[in-house]
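Data first, discussion second: the structure below is written as structure tokens.
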Amino acid sequence: MSVRTPDPNPGWLSDIALEETRSRVPILYVEAVPVRVDSLGLVESVGVLLRGSATGEMTHTLVSGRVMHGESVREALMRNLEKDLGPTAFPQLPVSTVPFTVGEYFPLPGVSPLHDPRQHAVALTYVVPVTGDCAPRQDALELSWLTPDELMRREILDNMEGGRGALVREALAHLGALPA
Amino acid sequence: MSVRTPDPNPGWLSDIALEETRSRVPILYVEAVPVRVDSLGLVESVGVLLRGSATGEMTHTLVSGRVMHGESVREALMRNLEKDLGPTAFPQLPVSTVPFTVGEYFPLPGVSPLHDPRQHAVALTYVVPVTGDCAPRQDALELSWLTPDELMRREILDNMEGGRGALVREALAHLGALPA
Amino acid sequence: MSVRTPDPNPGWLSDIALEETRSRVPILYVEAVPVRVDSLGLVESVGVLLRGSATGEMTHTLVSGRVMHGESVREALMRNLEKDLGPTAFPQLPVSTVPFTVGEYFPLPGVSPLHDPRQHAVALTYVVPVTGDCAPRQDALELSWLTPDELMRREILDNMEGGRGALVREALAHLGALPA
Amino acid sequence: MSVRTPDPNPGWLSDIALEETRSRVPILYVEAVPVRVDSLGLVESVGVLLRGSATGEMTHTLVSGRVMHGESVREALMRNLEKDLGPTAFPQLPVSTVPFTVGEYFPLPGVSPLHDPRQHAVALTYVVPVTGDCAPRQDALELSWLTPDELMRREILDNMEGGRGALVREALAHLGALPA
């Protein structure tokens, strides 16, 4: 008979269990493109995180994280937004859980524009307006707000972690704000 | 030579010009389903307006209005939200102008679920969370906030102006909140 | 040292590995609502499968199956359509992988309208027109084509496996074909 | 008393009536991005029309046309596809009338990426797979099928009629096929 206290967060896995699981099934993620919008809903700027990547370099990335066992997609989205943007970002979660795009990451580079050396991951990706102050926690060092034009000019999109610039381009297209 | 001062709002038409135009082309509308959502974006209640209909009866309806000449879809949506919900409703306009449904109203009943005796109208329809206080202006008498279950139970959907209950059902389905 | 030949389909898991994985992470599925459409794209009828459920009863269900490790969402959708509808169904896969709804199944009934006693599953769900002849294989016994009105009248939607009637209602709403 | 026979196609307007109407209300259009897709629904190439523009030059454009009075969006889409691609193109109309983007054309250049000197137009825009042979009729001289990479390389997108390259970019993003 087990005398362990129940796991307070059964969605979390040990490193070994997670690695094993990653070899067996695609892992479900949620990702978010944080945006500042004007009063008519038009995007003014996009928030990109500067973070240490899996390979040790500094790269720009999006809000991103696993959906835990037993957790709803909305709960996972809110938890990861708080994790990456802090408790006072006041994200406005989408009214529908239909993502604007489905990101497919494969362990081998070149299979798709998106790539994750750790795993096959599938990411439901959302645009999320935030109205408060963002204070990145955890491993993210910095959040930059850039206009669509600045994103293009500074070649950030071509160098985002795992190819996520493709997701940002798709987000901008969805918002009617993709520079020519 | 004209000495008239320029029309301050050239989008508005005289009754005669509007009637003539309505006989020539489909008229573009925007409509909105106002919702209250929880912190995760889940719909809690839907706002329906009680209004005198074109035929003189009191019916429930949605936020609705024409897109004026020269006006963007976002501007038309905001203007009609303010007209119907008042200046302190604080609507959160969608980040994308892609509607959740396209409503097609025909002058003859029975052609489609939606019907407008005045005209052939095509309505880009959006779900719009509102966070402030709503104070209907103009011809709307009252705004009621009803849960999805209440909407079904009170047979409101079956009697909305022009068949708009079909749009509310589609909105609830889109939000993952359509009662069985 | 293993002398086993390499697994020809590494996406498939042993029953034990699958059960263990199901206790750790949400499992990614694709589901499809097969439809017959007219030349203008309007839905005429919906295909529902009659199948032995996990609990041993006969229930109606949708085309459904896991996304395998290393498999793209499009490949998984095509594989499961062929598995459930046979090789001559000629499904027209959607041009975009954005689903019309994201189904969330939890092992405990009542958490959401969708329920799967085996697992926490998240299903990307698509409407797929089929133009050919459908010959269900595997464990599906029969495919019935029903009009939206027939689906409502025959109370099929209220009794679909795992609560999938909610997905069909959402599909019909998305298609503009939800009966009042 | 009029002894004219009834107008067989009341949706068509005289040049004078159309010009007058264009000064009064935004005109509703449907547009289509024709695509060839593989068996998994992935876009292989995009069809662009070469046509004499309103200003007399040869430019690339999309399938495009007004929605007539009394005509449904689906009917207008099919009629304009047949007009521009011929009777044997076999377009697969979308199952939902929700467009992938809403194009807003203003008479003044620079207000939005899209521009139409004749009018304020709002275009419901769809991606439409075609499986048959295309034989442009009317004023279109030629239909070219180009891969997403070719579209980028040949600078076609930057020079499409009325800025429609923005719509093609949005279509490619929606299809997950926007080159970096």
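Letters A, B, C and D name the chains as they come in the text, with residue numbers starting at 1 for each one.
Note that in this section a residue touches a chain if its C-beta (ideal position, glycine included) is under 8 Å from a C-beta of that chain, and two chains touch if they have at least 3 such contacts.
Since the model is a prediction, treat every value here as computed from it, not as a measurement.
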Among the remaining chains, which ones contact both chain A and chain B? C, D
Contact tally winner between B-C and B-D is B-D
Measuring from the mean C-alpha position of chain B to the mean C-alpha position of chain C, what distance in angstrom results? 35
Quick check: how many Å separate the C-alpha centres of chain B and chain D? 27
List, in ascending order, every residue of chain C touching at least 2 other chains. 72, 97-98, 100-101, 174, 176
Complex contact set, residues of chain A against chain B: 35, 37, 39-43, 72, 74-75, 77-78, 92-98, 100, 127, 129, 174-176
Contact set on chain C toward chain B in their complex: 101, 113, 157-158, 165-166, 169-170, 172-174, 176, 178, 180
Would you tell me which residues of chain D are touching chain B in their complex? 13, 17-18, 21, 23-28, 66-73, 97-102, 104, 106, 112, 120, 122, 124
